[in-house]
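Please go over the structures that come below.
Same chain, two partners: subunit A is paired with subunit B first, then with subunit C.
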Partner chain A sequence: MPTGVDAYWLRLGTTMLMYGVLAMSWNFIGGMAGYPSFASAAFFGLGAYAGAVAQKYGLPMVVAWSLAGAVAALFAAALGFALLRLRGHYFAIASLVVAEVLREIVNSATNLTGGGMGLNIPVPQMASIADQARFFYYAMLGVAVLAFGAVLVTQRSRLGFGLRCIQQNESAADMLGVNTTLYKVNAFILSGVFVGVAGAVYASWVHYIEPPDVFDVLYSIKPIVMVLLGGAGTLFGPLIGAALFLSLEELVWRNYLSVHTGVLGLLIVLLVLFLPKGILAFRLRRT
Partner chain B sequence: MTTLLQLSGVSRHFGGLKAVSSLDLSVDRGEVIGLIGPNGAGKTTLINLITGVHPATAGTVRFAGEDVTRQQPWQAARRGIARTFQIVQPFPEMTVLENVTAAALFAGGLAYGERAEAAALEHLQFVGLADVAGKRASTLTLAMRKRLELAKGLAMNPKLLLLDEVNAGLHSTEIDHALALIRAIAARGVTILIIEHLMKVVLNLCSRIVVLHHGELIASGDPQSIVRDPRVVQAYLGRRYADASH
Partner chain C sequence: MLTFQILANGLVLGGLYACIASGFSLVWGVLNVINILHGSIIVLGGYLAFFAHAKLGIHPFLSILVAAPLFYAAGYVLQRTLINRMIAAPVLLTLSLTFGLDLMAQNGMLLAFTADFRTLIIEPPLGVLALGPVVIPIDRLLAMLLALALTGLLYLLLSRSRIGRAVVAVRMDREAAALMGVSVKRIYAVTFGLGAMMAGVSGTLLAMIYPISPLTGTVYLGKAFVVCVLGGLGSVPGAMVGGIALGIVESFGALWFGPENAATLSFLLLIVVLLVKPTGLLGRKGYE
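Moving on to the complex of A and B:
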């Protein structure tokens, strides 16, 4: 039997890994390419619903999760070709709208998604509640490891180098032979695929989803705060930021739920003003 | 000699403004051409039009026999058209070496890795920036940034190099250095089109000069005939220059 403490830490650990996936993913487009995306919630909700609907039609859980990743990736590709022609805050605003649009679509596609009633996801057959909690912890760990691997490979590749060029001076990058549209779309796909899988895993984990829950704008904002907190464009910054953020959330904000979004907004402003390169910058500056 | 670049009736309008209008120009392989003209004549626009930054609104651009009128800048780079910017455009937070490596990698066709870096270092040695290779590009002086632009242009392994006022803002010893560099690049067989306000540089370097005025090509010929051409004197060089050169 699980003790209460074990269950608490498993839940926190799973959440931590999920935040890590969100932050690492945002880092591809926001940190490496320098495009402030607010589309994370769209990918998360899309992945959650894709996974849930696929399971509703009888697909095995892990297959449904993979399908959710593919759906998120395809959606990111299509969206990227449309939106990434916009620069800076125009892109940011356009990406912010996407989750709202998807939420409305899911709301009205009642036959498929249950609409505002939400959707139940079949509970996996397992010996105990504790086994289930452990299973989803390892599932989320798997997604996080995949995302981290993708970050690692990207940073040491032509793609990562090209994204850094775009982030610093897009027209100069273009002039030097970087196919900027293609590179940005690739970064956007990478920023969507793991979030989509994480959304599907989340849906299976909590057994029940509804549009306002998985398309919550906070899923777009939190990863940005985490990455800014830890250090944009870096390897470990997003993970450190995710850990810091979750600690803050657990220690402080659980008790002040009503000011949640306001505090987040304030934190973003403070970060951008005083710590534009994140916590990691302190260490880098000294060396 | 074979034609490398062929512009036929190209125009570029910005709204009602004809920045370049129905211009014909053909550049042979190995030529070093000077492009001169007063401020706002359309010189930079001509480079933007060749490189796909602002594609021609009419006419065609052919490069190495291929119609490239509608190409994107990154395609121009990979085809072998390199340009330096009138206002230098480094990647500020990257090192000088990384800046040149990017050029070798994306336009020069080298694979990601140490080979590209080694090639970049060679180009930095060539322009005399090897000792600041590890510094951030934003810390360089203007003269160094101009040389960095040259190194980037070279690392792109170009067939055609378009230089937009690489000497603007430099003093005379720095200009002499840049001149020697450009001459060495030309000696490698790179075709060069250079926009330049300093007649000393143009006369020193170019086998042919073309003159742009209000977006139109008003003269083209060898340096001697250009400085005596009355239209050029009137539009650009001014009487004083014509008197002095006699």
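Moving on to the complex of A and C:
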């Protein structure tokens, strides 16, 4: 597709794929296991910085991206063992502050990360700007395909079944021999790894990152809104939600920049009040 | 000697934190709703004090008398119209609802007041109180004492008044309270109103000390989280203990690890306490 397509659509397509990765990833922990995680921003920022710092020290781009995924996965595993013992509000809050802590740490580790001055990422040597844009489109597409593959495999596997059990009744699942801790940690790792890679690709794509940009709390909120829009725990729901969300973002509020977050807030409120089960559920109920 | 000064700073800060968190903790404990909007209500309280002082020359301490009923009414109505519809929904949905409202509030304040930082300056300055080597600015001391007094009033309201006992009853056992003739719906609205009132009032106090800007609410919200978890949910004494503990930890943390790491330290503390003692320092739900 992306030959002869203009730069705007290419950028939009790359963003769409990135949102898709964020939404599909959140679906592992939030949709399947039913844990209200607000940690996406933490994984995204961590991946972005891991990839950027690795490239700063001369690692090739694709190696740096893989490294970012590994860092995010390890971090998710360690964090999961600690935080997934909490439930409900407590888990939500604890996962929410992780991004804040990471942002502060990145902010003060000036030698490694540039701190508040941000970090420049070397621009890849390519024939033209358009080639670069295409390259990052395909890179993000690759991450999205990997994430979708992981969703497919998980849904058909023991893990997916166990996660759905945990969502319905965790104590009962535990009683019946589901290793709940292991399953939840696995879901958390899956929700972190692709977001970490997407963060690293994003960093290379925009060439410059700073802590408030990549640890923005909206990276935790947007995936939740997308999944809620599309329907939690479903296969295509997160992707549909991401597409809908991006369309709204582009059609409605890019024209009204000063009320951008306000309209996003309104969308969340309306969504929660009137469509808490998502668009797909709405269609099913009608027929 | 430095230790005493840091301790005094921590206590002053802690008193304000207690006031910030008491309303948040009450709403969380009674309604089981995390009110993300809390931070923005604090900032709104700050703006109220700022404009009352700038335009009408009203001292921030006096604008509390206006802020309290105003924010109580706003909170009551908000609960009755919006929050109550989602009261029994899963955590994610109630959290998202207040989050969406908060985004709207922040955006609204940005449009109405711009992103400028505003500072409320009281003339003439109140000066400082010197107790030997320990120096405390008097405006901060007064704000802290008032904050503690207001938190104490909330405690008295909950433990002595009829409506306060009903709030505590609903927190302990909603069904039993309903059977005893308590209108749970009304108590929810009253509680949310009280939470908004405490937020607005602490905002007017904070306006005397910190600059006001539309997005600073997030910082206060973070403090309220930590205090609630430290002290335990839904109890005013818990908020007091948690607030003062956080104030002291932050002051010494800033001394030992540098001020840029004080916030990180308090969030790490939050995570550790959540893992080790999720019911807070004062144990299970307090019954005042």
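Rule of thumb we're sticking to: the second predicted complex is superposed on the first by the 274 of 287 C-alpha atoms of A that agree within 3 Å, B and C clash if a C-alpha of one lies under 4 Å from a C-alpha of the other, contacts with A are read in each partner's own complex, and residues count from 1 in each chain.
Going forward, a contact is a pair of C-beta atoms (placed from the backbone, for glycine too) under 8 Å apart; a residue touches a chain by one contact, two chains touch by 3 or more.
Computed from a predicted model, the values in this text were never measured in an experiment.
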Note to self: With both complexes overlaid on chain A, does A:Pro36 touch subunit B (first), subunit C (second), both or neither?
What the structure shows: second
Item checked: Which superposed partner A:Asn179 touches (first subunit B, second subunit C, both, neither) -> first
Notebook entry, point to check: With the two structures laid over each other on chain A, which partner does A:Ile105 touch: subunit B (first), subunit C (second), both, or neither?
Noted result: second
Next item on the list: Going by the touch definition up top, name the partner, subunit B or subunit C, that contacts more of subunit A.
Entry: C
Margin query: If we overlay the two complexes on their shared chain A, which of subunit B and subunit C does A:Ile224 touch? Say first, second, both or neither.
Written below: second
Note to self: Going by the contact rule set out at the top, does A:Leu59 touch subunit B (first), subunit C (second), both, or neither?
What the structure shows: neither
Margin query: Which partner chains sit in contact with A:Ile93 here, subunit B, subunit C, both or neither? Use first/second/both/neither.
Written below: second
Check: Touching A:Leu244 in the superposition: subunit B (first), subunit C (second), both, neither?
Finding: neither
Check: Which of the residues in subunit A end up touching subunit C in this complex?
Finding: 30, 34, 36, 82-83, 85-86, 88-90, 92-94, 97-98, 100-101, 104-105, 107-108, 217, 221, 224-225, 228, 258-262, 264-269, 271-273, 276
Margin query: Using the touch definition from the top, list the residues of subunit B that touch subunit A in their complex.
Written below: 51, 53, 72-74, 77-78, 83, 85, 89-94, 101-103, 105-108, 112, 152, 156
Notebook entry, point to check: subunit B touches which residues of subunit A in the complex?
Noted result: 157-158, 161-162, 164-165, 168-169, 171-180
Checklist line | Partner subunit A, residues of subunit C touching it in the complex | finding: 28, 32, 34, 82, 85-86, 89-93, 95-97, 99-108, 110-111, 218, 222, 225, 229, 258, 260-261, 263-264, 267-268, 270-271, 274-275, 278
